[in-house]
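What follows is one structure encoded as structure tokens, with my remarks underneath.
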């Protein structure tokens, strides 16, 4: 496995230069483009890591899985009264669909849906940002995880589109807490810094019927675990979920920091990272690495 | 297994009466509502059948898988220059998305995408409707399959919305053959009559890496097979694909005749049928039966 | 007036070269671009003509006024059960709005609305194309008007988008006659050839409370006349109606043949023609000429 | 004239009960429904008033004309770099169109456009709300006009949809000042209380080539005046501008407080008020009264 990971990174490294590092906030635009890392964690506890797999990066939308899992833990099926679980067929930050569907977001992985999940968590937790950070620390076993305050502040300053979505949902009665407060929590989640190893460990309960292989903690029931994986499979890669299923064939979740986590149910968790993105906001080299990995060792669930 | 199927049908039978038989053409509206059947076919060749599993019905949109597989067989990856492989996030017959995306349908399972696939096949086959029928006969091993001419004609008379989609694509240059001719082929495909056993056998190559377990024919490569399953998983159930993944967790394809086929990769193919539909156009009892089956014997791919 | 018209043509002639002649069908694309004509007809019967004001051209969408007036003559207010009288806020051939508003077009001057008007007329007249041609002959006093059969046929061959709109309306139950037959009538209307003088005379009843100043025929009641003018003022120039009101301040109707007719209620009718169009499909030099005319002699109704 | 106004009020009074008083904020919902007033002011200085024509009401969207005129006064044609002058074809508070057109509102009378105008004025005036109030005082000759602070505060509390629009425009770079500050100004404008006489006098410059007949002040140039009237004619009555042109035939502007002002260029200004609204947000009795008035004394500009 270790050799395979090294090989694959060598094969996809030439793709660096074909994408664009996220630039909507200065703090992200400054990330050096030529980084590439990967980590694979097996349900038996073996960990493989290659390239820049131990360099922390901004997890961005990958945080939406942590928030969702927290919401499922305390509210279960009730959350689906506030949002759907269908793929969106629209760019991740479009308001058009949200208006037509009267403020009910399509799924928890588009921004509007993640904001509703944060709104649900805001009603539950005294300090949602800290609560989520501690959850990520426990899941990854890394107790030094912190959010990048500069990134969080910068995202807040560029909050216009997310604020528009939140206010639109509020106008339909589907947002219960103060918009500004929820946005601050949301951007803190996004600004959490983790590396590939952290993320592979943190997501490993999703490959193991809800039980974390390294800590033994039962995070979700087996059925809930399958449901989260199903959501990632149909909606986890912005408007490229279909392409990811077609090319890679695994449940996964990406972020504009360049990370992609994927789950091989019953076997492995993998996280790949490279900051340059394609037009859909997914890591160019990351997508290619996962496709190659899936082909070589037949990881597709299909 | 036989006992399990009988039990499940008994459990979901009370749902009959909660849905509505498709009524957009008289020939379908007349189908008796209280029918319910299931068939399961294993990769080892065991066949289980319960209820009305041997009563033929109109396969409707399930035919879109046959057309797609034919197109992949002769044109491979080239077909993706004419349509996408992303979930649509819109009702299956919406023109809005098609206009915004300039005549390129989102995927082969919405009507517009299936029409493009038929247009591709129309350019290839002298008699596309017969060609597809023969393909279904071979895949199912049932050489008596025929289309219901009354249904095909009636669908053609009510072709307005599909005609609108085809002409819209033609206006964007994404339709090459005569619209009326392709519509006739398309409605013949939809009007094919098959029963649950036929469909379980016909789809079994998708559970077996592309090789039909009963005939030994290699229909698709292993990789192409995974891709078709991925497409069904993200887009196979109209605008309920996310819900099907969430509740059942299998690649599947439904039709407004009330049939749903699902694939358990490496193990089984299953077809369930009951004519009453929910608001998304999927069989009410069929969805419930597959959900129970998936829960009981842990079939979810996630 | 004659001198003013000559001056204005001289002033706007340099704009020729800044637009584009309609090119969606070859028969229109071949029209020489450097033509420019104008005609003004007063309610007292004075006629002024300058430039190429006697060269016939394809009236295209200007025909929509003739069809509408015919429909009002035989069906009055009933027509508004089939379409609206609000501006559309969308390009003239968009299907998006039509689908959202369930097959009821916004107004009689977008293509979908004109098709519904043709459908209404098709139910009334044995030979709608001839009936409309004769109507235009009578209104203009020119008994030699004919449609250009080459243009009509060519438009029919490129009917895809209009066919899509008609079939979409049929799918909502808002189209009663055979789509192909109505499209043939529609394209015959569009292909009628008239010159600026013909059109100024033909529209003059709209400046004169419904009575044609030259023939004495009462075409519409005074109230109906105001209503048609109101419709032209809010919807007559594709998605540039607001700009036309802002710059020119008159009810008007344009066509992609490069003609624009405008009405000064109680006083004049004017028609200007130059084939090059702006991005909204309106004559570049024609718009400019009307703006100058409106400024110089204070014709704005506002 | 006085007698005519009395008659018309008697004729339309039975319509009271058929509409609904605006209820999106409690302060408006409490307005007694059975009020009905009218005022007509001639360019020669005659004032006619009937019914509750001297009872003040919340002018709401009628204030958009005052803001627009202020913006034209200090920025002229430059404002059209920030918004359009086309009718919108969408409900007045829809975000769909705003997103498609990348944050550039269609016209100054939909909410998004009025917010951009307020943003322009916010950059210019130290205290925009006071500045606009003083402008309305001067135009109406009533120096006791004030905004209803309870209404302004209540609207601010229910700002969600307008906030969504403002943030969406900010995300496209088309909003320069603090969103919350501009919203406060905007709601203060809307909460201004005026009666029919105030509004007839305040708008009278629009009937008189830009010069206020009672104060002699030149508010706009003659050409700018025509342009404002053109904007009201194509976009002044929410998504019923076409219907108002069709039925009444005058430039006008309505508000959800139940007021409608209309301009008869060169002759009169009229304001009618009755709180019950139709589905488009326009006064039911007010529309009917203006239609009757327009029919009886032939005021239509068409």
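Order of writing sets the labels: A, B, C and D. Residues in every chain begin at 1.
One rule holds in what follows: a contact is a pair of C-beta atoms (placed from the backbone, for glycine too) under 8 Å apart; a residue touches a chain by one contact, two chains touch by 3 or more.
All figures in this text were calculated on a predicted structure; none of them were measured in a lab.
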**Message:** Taking each chain's centre as the mean of its CA atoms, which one is most distant from subunit A?
**Reply:** C
**Message:** For subunit A versus subunit C, what separation do you get between their C-alpha means, in angstrom?
**Reply:** 55
**Complete:** Taking each chain's centre as the mean of its CA atoms, subunit A sits from subunit B at a distance in Å of 32
**Request:** Indicate the whole-number Å distance between the mean C-alpha point of subunit B and the mean C-alpha point of subunit C.
**Result:** 47
**Asked** Each pair of chains that touch: what are they?
**Response** A-B, A-D, B-C, C-D
**Request:** Please name which positions on subunit A make contact with subunit D in the complex.
**Result:** 94-96, 99-100, 159-161, 163-168, 170-171, 175, 179
**Complete:** Seen from subunit C, its contact residues with subunit D in the complex are 84-90, 97, 106-107, 223, 225-227, 229-231, 233-235, 239-243, 245-246, 249, 251, 265, 295, 300-302
